[in-house]
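Please find the structures below.
One chain, chain A, links the two complexes that follow: it is found with chain B in the first and with chain C in the second.
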Partner chain A sequence: MSTFTIPVGPLHVALEEPMYFKVEVEGETVVSLDITAGHVHRGMELLAMNRNFYQNITLTERLCSLCSNSHPCTYCMALEKIAGIQVPERGEYLRVIADEIKRMGSNLFNAGILAHIIGFESLFMHAMEIREIVQDIKETIYGNRMNLAANCIGGVRYDLTTEKVKYITKQLECLKKSLDELYDIYTKNKFVRARTEGVGVLPKEAAIHYGVVGPVARGSGIDYDVRKKSPYAAYDRLKFDVPVEEGCDVRARVMVRLREIFEAIKIVEQCLKDLPHGPTCIDYLPEIPAGEAVAKSEAPRGELIYYLRTNGTDTPERLKWRVPTYMNWEALHVMMPGNKVSDIPLIINSIDPCISCTER
Partner chain B sequence: MERKIQEDFAAELTEAVGEGFSLRWETDSKGVVTGWCRLDDHNQITDVARIVSKLGGRVITASAYKTKNAQQAEVREIAYHFDLDGCTCTVTIEIPASNGKVKSITPILKSADWTERELQELYGIKLVGHPNPKRLFLDRSIDEGIMDKLIPLSVAMNGASTKTLWEKVFAGTSKEVNG
Partner chain C sequence: MSSFLKIALRNLLKGPSTDPYPFGETFVPKGLRGKIKYNAKACIACGMCEHVCAGGAIQIKETADKSGLEFIVWHNTCAFCGLCEHYCPTKAIRLTEDFHTAHSQEDKYRYVERGFIKYVTCARCATPMVPIAPELMTLAYGQVNKDIEKLRHLCPKCRQKQSLR
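And then the complex of A and B:
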């Protein structure tokens, strides 16, 4: 059979951000692929080294919209490590709440897009409608539907009143009911199963070899979650499970993401119940001494790391971060071959790609 | 479990490179352990990669940057961040400014692939033995090591707009001071 090369991207209906794939096919079966990145590279690391520590909180939040709380939060954690700042307990809990609300929104978005790609439009609309509950929480609590601007050095910039706690609790109840129904469809619907089971398989050994992170790793049976392995904020005091699936396919990855939303709800409920009294942030503008630190967190897509070097001035000497998606691209070389051309967008979506994060 | 991995790493490293390294572990208030290691010889980074691979670890990322030594000469350093079952160990090497070459660890740890390619195109550090050393993000027409000589927009525009702006700003402030 003859071999053809199909260009997928840089602009494609299923991928809203540009990434170029040269896919080799035999008939309608994928044989291999080549990934070309760099269409929207913004040089943000260099930009960060020309701005002071406070300006960088805003800058890092604008890296990407879906994990836009994880970036400034992890960056602040790196600064706090260097300056030896202890975040007040209430601030730590509020950081967790912001992070988990973002996780719910991000995972629902990815699950929704999966339905859109397989042509199940009513399920797509349903998932996005449920996501609106989370969006409403964001807008009510933080005044914004994407960038929460919750973090600052030494804590958070927002607080929850009793009224707002009641509001979130009510919204979460509403979310739980709708989510049960959604989870049921993703688990049992024949059409969804037929399109996702056994598609884009990434065996556990390959997942370890490629160093994939987040739901992609956990969908391939790797029990690794930064919140458990290297706890930060208030995660060491919270009870939650890390969903792991053994299927290694598109379905396993979406199941991990949906189950994570239930865990996120549990976490937020615990935080609201145990929310300690006291300040949400330190009450002074800290000076950052010379030093170096690494800070890690579990963003919705997986492990996020910030490496920061300071030299006593108010700008970083080096600020480097690695986003979760960055590690997951190469694994497509394992997931794609043997699958049909029609499954290409579905498999790409299953790694929950974030191009603006990857290219910074 | 974590404790053992740190001990194993230190023992394996001593066996591989002898006394040629410094290593310290930090534990934060949550009990998270972070390792900081510095190698005397940059070629030994492949030994570290082999140890990490043997211990089931992976490369998280690598950060290249410049520092100044005691004589104020510029020194190029690369900090490799490895994951050892949740413990992040940063291994730093110095690259001689004269040749700027480093042995690739991708053949040992596949997880270093993109990170190393990015180092090469942004910092002009030559990788020796990388299986796929082609450009990752930047167009072929852009020089390698562009991060070292990035030209600010104001300079690229010949400073025309900013110069006029600053002249106005300075004129305004000097009046205030004089007045």
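And then the complex of A and C:
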């Protein structure tokens, strides 16, 4: 059988973001893979060093639209660690709410794109319509459909009134009903199952070897979640499960994402129920001393790590972050070989790559 | 498969779920972060908005004739993050629900929100200064009585002298 090299990308109909894959195929089967990154480099680490701490909240939020709450949240946590700021309890709960609402939107988006890639367009449209419920929450509570602008140094910038709490509860009830239906389709529909089962297998040993994080790790049976292992904000006071699947394939990963949405709803409802009274944010302008800190959080795609070093001025001396996709895309070397050419976009989508975060 | 057919049929009967905008109404919640509105009367020219603005969309500078300060927001540079509103002590800067940002190319450089703060002179030494907004007085003193009200018309130096007396 003859061997070919197929270039996929940097611009390709099946890719949402620019990324270059050189795929070696034998007949119709993928043999090996070469990944070349760096097509959307924006020099954001240097930009961050030229802006003051406040401006960087907005800058980190614009890294990528789907993780746009995790980035400023983790950045603020690193700052708070250096300056020794204690976030008010209400602020911590509100941070969790913002985080989980973003997670719902992000995971629904990825599940929808999966339907789009396997050619089930009506299911894709339906998933996106369900996501619209979450988008409406974001727009009403935060004032924007993607960039929530919820975080600031020492707390959050928004507050929930009783009406807003009622509104979220109502929307979540609506979401739960639609989500049950959607979950049912993803588990039972034979077309979805035929295209996703046994595709892009990442065995548990390989997952550990590559150090994958987030839903990719949990889809391969690794029970690792930053919210449980090193809780931040109010996660240590909340009860929730971490969904883990043993399937190791594309299907397992989408199941983890869908089940995570149910958990996210549970978390938000708990937060709304025991939302403490008090301020949402510190009421003074903090002074940031020289120092360094590492903060991490669980973004919708996995573990997000921020490193920040300050020197007493109001601009960071160094700001560096490691995003989940950085760990996950290396695992494509294991997932891809042995699969059909038509499954390439599906497998790429299953790690939910966020190229704009990774290349910054 | 039948379960999805049911959903598809239901969605078909429900009709389009998109808003008919711009031919009809669209969903605009209260608190949407849209175009900035600036109130020069409440502004104390502390420059915090300019300091926190990530895009560098806000500028406060003295006019050429030195009669006051000019405030500009470039709407084309603004990221609508709302940090300026959050850190403004007197809430002189505010994000409105107006999200209509389409404009013609020729209006590109005129698409700004402007404000002008005219200097007032100190009641005692007549040096020009930024007028002190009543919003700041209530923020600093809570209840503003007549004695405190007098301080409003003094420059920082004279105010210090007056307070120490």
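In the analysis below, the second predicted complex is superposed on the first by the 360 of 360 C-alpha atoms of A that agree within 3 Å, B and C clash if a C-alpha of one lies under 4 Å from a C-alpha of the other, contacts with A are read in each partner's own complex, and residues count from 1 in each chain.
The rule is short, and it goes like this: a residue touches a chain if its C-beta (ideal position, glycine included) is under 8 Å from a C-beta of that chain, and two chains touch if they have at least 3 such contacts.
None of these values were measured; they are calculated from a predicted model.
Colleague: For the overlay on chain A, clash or fit between chain B and chain C?
Modeller: Overlaying the two structures gives chain B and chain C room side by side.
Colleague: For A:Lys320 in the superposed arrangement: first (chain B), second (chain C), both or neither?
Modeller: After superposition on chain A, A:Lys320 lies in contact with chain B alone.
Colleague: Touch check for A:Tyr210: first (chain B), second (chain C), both, or neither?
Modeller: First partner only.
Colleague: Determine, under the contact definition given at the top, whether A:Cys248 touches first (chain B), second (chain C), both, or neither.
Modeller: Neither partner.
Colleague: Quick one: is A:Glu359 in contact with chain B, with chain C, with both, or with neither? Answer first, second, both or neither.
Modeller: After superposition on chain A, A:Glu359 lies in contact with chain B alone.
Colleague: For A:Ile305 in the superposed arrangement: first (chain B), second (chain C), both or neither?
Modeller: first
Colleague: Which partner chains sit in contact with A:Asp184 here, chain B, chain C, both or neither? Use first/second/both/neither.
Modeller: In the superposition, A:Asp184 touches chain C alone.
Colleague: Take the Cα centre of chain A as the vertex and report the angle out to the centres of chain B and chain C, nearest 10 degrees.
Modeller: Taking the centre of chain A as apex, the angle works out to 90 degrees.
Colleague: Identify the partner contact of A:Pro231: answer first if only chain B is touched, second if only chain C is, both if each is, neither if none is.
Modeller: First partner only.
Colleague: Considering only touches as defined above, state whether A:Gln86 meets chain B (first), chain C (second), both or neither.
Modeller: After superposition on chain A, A:Gln86 lies in contact with chain B alone.
Colleague: After the two structures are laid over each other on chain A, how near do the C-alpha atoms of chain B and chain C get, in Å?
Modeller: Result, nearest C-alpha distance in the overlay: 5 Å.
Colleague: Based on the A-chain superposition described above, do chain B and chain C contact any of the same residues on chain A, and if so which?
Modeller: none
Colleague: Residue numbers of chain A touching chain B in their complex, please.
Modeller: Going through chain A, the ones touching chain B are 37-38, 41, 43, 46, 81, 86, 208-211, 224, 226, 229-232, 236, 292, 294, 296, 303, 305, 307, 309, 317-318, 320, 322, 326-327, 329-330, 359.
Colleague: Name, in rising order, each residue of chain B that touches chain A in their complex.
Modeller: 28-32, 34, 36, 56, 58-61, 63, 65, 67, 79, 81, 83, 85-88, 90, 109-111, 113-115, 135-139, 147, 150
Colleague: Going by the contact rule set out above, which residues of chain A touch chain C in the complex?
Modeller: Chain A reaches chain C through residues 51-52, 54-59, 61-62, 122-123, 126, 129, 132, 136, 139-144, 147, 149, 152, 157, 181, 184-185, 188-191.
Colleague: Which residues of chain C touch chain A in their complex?
Modeller: So the residues of chain C touching chain A come out as 1, 3-4, 7-8, 11, 17, 27, 29-33, 51-55, 79-83, 86-87, 95.
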